[in-house]
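Naming follows writing order (A, B, C and D), and every chain is counted from residue 1.
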């Protein structure tokens, strides 16, 4: 998939743009803001959006947009951490079970089926109870939600290419299995995995916000997106903007990631493209 | 099974979209409000009811229901005066003996008559160690209960025990009269889920975590009460959800209101807002036996280091008042009148005290709090302020109320956000929190002089003198800052526009008050 | 005197693409007589498939089709509305495609295909038993050993050859008078290919249906068709009776094809092939389209060249045709 | 057909094994979880004696294996033991029996909405591929998956409930009380859950339709003279149903996830809200019961979906 094609694909381009802007905002925005995410000003609590506070202020008079950006960074990092871990383990398991098949395959797929059988959020919730709340455990939960997905995709892809010429060639040349798996096979099946990864990061953020929203995830005063929305939800009727705008930011961020994912998918499977 | 919601024509009309909704009013609507046969009174902000046994109840939602299902010997009237309830009259025969004349012909829900035997049984049960009632300590002063005849009860204490009268009122005291004839044979577990009392309402059904249904007690002793035939009580965990439910016409009464919404709701003609200063005390409980709160100077530094009025504004959105002490101002005869300096923000003094303390800036501690709503913010505001003023490094840990309460009792906590609502006697605040043997002294605080004064107050029957003793005791205690009194929150009830007869009391009375509600 | 079944005059097909309009067949004219087989020959990209699909109007949306006239049984069908035209499909005009496996809905039984087609052409009222009975007969005609069983099978349970027989049977089922067969044997191995060709041979003798048989293989065309059309780059370059054309091909391209065919049959020792690639759909109008690959190319070829009759022959699109320059291809 | 029967049986046994392993995992994880059930319940006046008594009462003093088998035995009889703290002493089985219908109702309701939406959007998009219709439909779909369902829930409340007052923003009439009431009061929550699913379904259907539109057998059908309607129904749509239904089945795990939060927001007394409350109250027994119930639902749904797909697609049965 060449960059040229990439840039000619509207979806991918839109996704890339939004995501880039999102990342820039998240990582540099807080520096530019003249407020800090935990700087309270009780006299200016729950101010509606204004030039000084584009997203208004929350119940402790903290600048919401600054918190949203900080929170987005935290949520993003949590999600990425979780998804990355899921990829490492899932892909490895998938590669081996898809390549070797046999009992190993059986076991891996059984575990995958099991994890798959739990509703994503329920699994996460369950783990929070078992492991206790907090950042790392949220990431862990996200990992366990996505591990099966990566494992399954990788396995199925590997199975299809297992007997392709280049793989056989590599075997004939006597390359070691790990090398074949990661150097020969993985690059050739990376596209769908990449698509999944972007989408997974997006949903990872949803899971984080969901857990924190009901109070079982990240805990205040750490500003994660979920924490901010939970706070806004409490005085939703009185000052709707906190929940509305923070949620809107989440939506935009996810939109970017999803578009990016779709774009990559389009490019790897042109038939589905919406427009040339 | 009870219906947790009914969408009604009336409610839809009220919900401000008459034009748009009339056309699509669902045909099943209206079923529930032919007249006001059914009152839908939501318990908001809580949805856990573990027991309906007065002797075991601890949570306020449990009390809300118990108050409606049972009676006590005494109760508070609309002016918060103690008046007879199951008792027809009472007199103190001697400083240590109270004699009660019981009403005749009072029937339990199962039709059995209530007699002095039941009263005696109730208190023996409370005092029985095996029963393990959380209210036991209140009645440990009782030495003997005599029942000269079916309608006379004499309660004797070894020495004068002033709080006794309030402990006999239909509040969170556990002294609600339970039927001997059932409990002698039956099991307590059974009774906890199928309570039988003398109150205006009897329990029809209970979907744990979801809702309860009450029905009028046919031969309730007060004429013409209760006015409604059935009461549906949905348990609504989120207070804000309670508001939308009421505005949406799904319920007629709420037990609380989210502080954030009160100002807006007062402007809203779709709802009546009842509010007044509540008999409540919200504070930061410090475990005086563990670092860093084992140092009085450090505790004082903290007490100086945060602005209580700001807390009221931010945490309660103004729905309350900064506290002078832990005895609520609504118990005016005992509460500390003018704010002690130690419960005000004073940065210089705070830092000065920190100087004297063996702990300095950077000291770390975890403040335990619970719930998803303002309790969380309460902790946040406290931590943010003290961290800023003292440069200490406190953090918030959020859990659920049960866990927090448990950890406080086991002493497995440094500091925690806590508070009491609906306790009606100063003794329940001052003695139980400040006294070395106080049932709620989770701070492990001990000051002989304070103890002495509190004990004296228990013996003092003259209200004025007794109040003075509490003030004196509290003044001393505040010097030591075992707890950091923060504020008292208002109590609220939201009523649908045409609901009448509901009398709000500062201790957040609920169940019993529903009996007088006529129209809804 | 044989009656003309289909007559195509100046058929032009082009694809509208984002970049340009791509002409895939230009000024194609030919006719098919009743009961005869017309072989349509050319390498892939020569426009033979497009031409045949155009006759049944099976081209994608972005294809534009122009023709002076397409006469079928004497009436011009190019002017019919889609609805009217659809009534001809299957019953009068039918088509057999390259890939027998893909030609059946994989999730339906062979029986279902016959049933639906049967209902469609015999009216919904037609008794099911009747339809299935006929289906079995036609399957038997198509050399299906056990029709009963075949009808119960799903496509994935049958071999390519079997499926192709079923497809042929399915087409014959509605007794169309013109059947376009688009390389019906290319995806099959030689043995099966042979059998299928025999089947066609048999069918054309037993029925009075006409065939347009598309192939890139001269030998197949020779074996099965009465007359042949050779297409190159969207144009007819030579057309005429099979026998004559095969013996004395006039157009250099045809000669190439025939030679290759002969060589494959081992009648010539050395294998020569037509060098070069068939051009893209955009062709300079002022030049013979075959020129870039033509061994006999000269400057005279640098203008548009028309089909012209060569006596004892059909039509040829080459300035050298008939000048004896066209050397015979014989051992 | 024996082959298909064999297929069904193997899948069934597969699901059962997964279920069994699932219960083991749930049980062990809960055992490993921090916090002592006894203390959670007794809290106030926990003495060593009372704790011991409690553990004896709940069989928590038995060896692990025995405890598990006992618990498993209970599961089979839909007996999950007693709630610790959420509603102490209550029989968890009863709690679930009251809530399960609500959860299932809302879930099915959401699926109905999602399917209806996606059938319309997906078909429109596929048939008008490349046009504005397609673009807007697909964009709508991407937006749908990008919204956190609980946030969308609040936006619905803000707009349709607080704003227009068309729907109740809180509370749910159990279908057992009034079916119409359930449909009415359950609309917003169901819609909130349905939105992201509808998006996924739409994409799937569009993709499948487009793939099948290009299949040769569709053109063959045309050559046979079959009408456009027939071709779409019996060749394109019919074959697209297989991947579509498969995805609907797979989405169930996200659906139930959404249910958990949404139930809480809209005050629906379902298994989801129960699980959240239990999580807060650290009521291990209820949490693990809910987990098992959800596990069971997913496996059951997936099995049914497998059967349906096997019926729709003969190639699956081998």
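The rule is short, and it goes like this: a residue touches a chain if its C-beta (ideal position, glycine included) is under 8 Å from a C-beta of that chain, and two chains touch if they have at least 3 such contacts.
For clarity, every value in this text was computed on a predicted model and none was experimentally measured.
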Check: Which chains are in contact with both subunit A and subunit C?
Finding: D
Next item on the list: List every chain that touches both subunit A and subunit B.
Entry: D
Checklist line | Identity of the most central chain, Cα criterion | finding: D
Next item on the list: Tell me which of C-D and A-D has more C-beta pairs in contact.
Entry: A-D
Notebook entry, point to check: By CA centroid distance, what chain is farthest from subunit D?
Noted result: C
Note to self: Suppose each chain is reduced to the average of its Cα coordinates; what separation in Å results between subunit C and subunit D?
What the structure shows: 54
Check: Roughly how many whole angstrom separate the Cα centroids of subunit A and subunit D?
Finding: 21
Item checked: Cα-centroid distance, subunit B relative to subunit D, in whole angstrom -> 40
Notebook entry, point to check: How many angstrom lie between the CA centroids of subunit B and subunit C, rounded to a whole number?
Noted result: 92
Notebook entry, point to check: Can you list the residues of subunit A that touch 2 or more other chains?
Noted result: 214-215, 233, 236-237, 276
Notebook entry, point to check: Of all residues in subunit B, which are in touch with two or more distinct other chains?
Noted result: 244
Next item on the list: Just spell out which pairs of chains touch, all of them.
Entry: A-B, A-D, B-D, C-D
Next item on the list: Flag every residue of subunit D that touches subunit C in the complex, lowest number first.
Entry: 215-217, 219-227, 230, 234-235, 238-239, 242, 312-315
Check: Hey, which residues of subunit A end up touching subunit B in the complex?
Finding: 38, 40, 42, 45, 59-61, 133, 214-215, 219-221, 230-231, 233-238
Next item on the list: Show which residues of subunit D lie in contact with subunit A when the two form their complex.
Entry: 14, 17-19, 21-22, 25-26, 29-30, 32-34, 129-130, 134-135, 138, 142-143, 145-151, 154-155, 157-158, 162, 206-207, 210-211, 214, 252-261, 264, 272, 275-276, 278-280, 282, 284, 287, 290-291, 294-295, 298-299, 302
Next item on the list: Quick one: which bits of subunit B touch subunit D in the complex? Just the residue numbers, please.
Entry: 1, 3-7, 12, 15-17, 20-21, 24, 26-28, 47-51, 58, 132, 134, 189, 192-193, 207-211, 234, 236-238, 241-242, 244-245, 247-248, 250-251, 400, 402-403, 405-406, 409-410
Check: In their complex, what parts of subunit D are in touch with subunit B?
Finding: 39-40, 43-46, 83, 85-90, 95, 98-99, 157, 161-162, 164-166, 168-174, 176-178, 180-181, 184-185, 264-265, 267, 269, 273-274, 277, 280-282
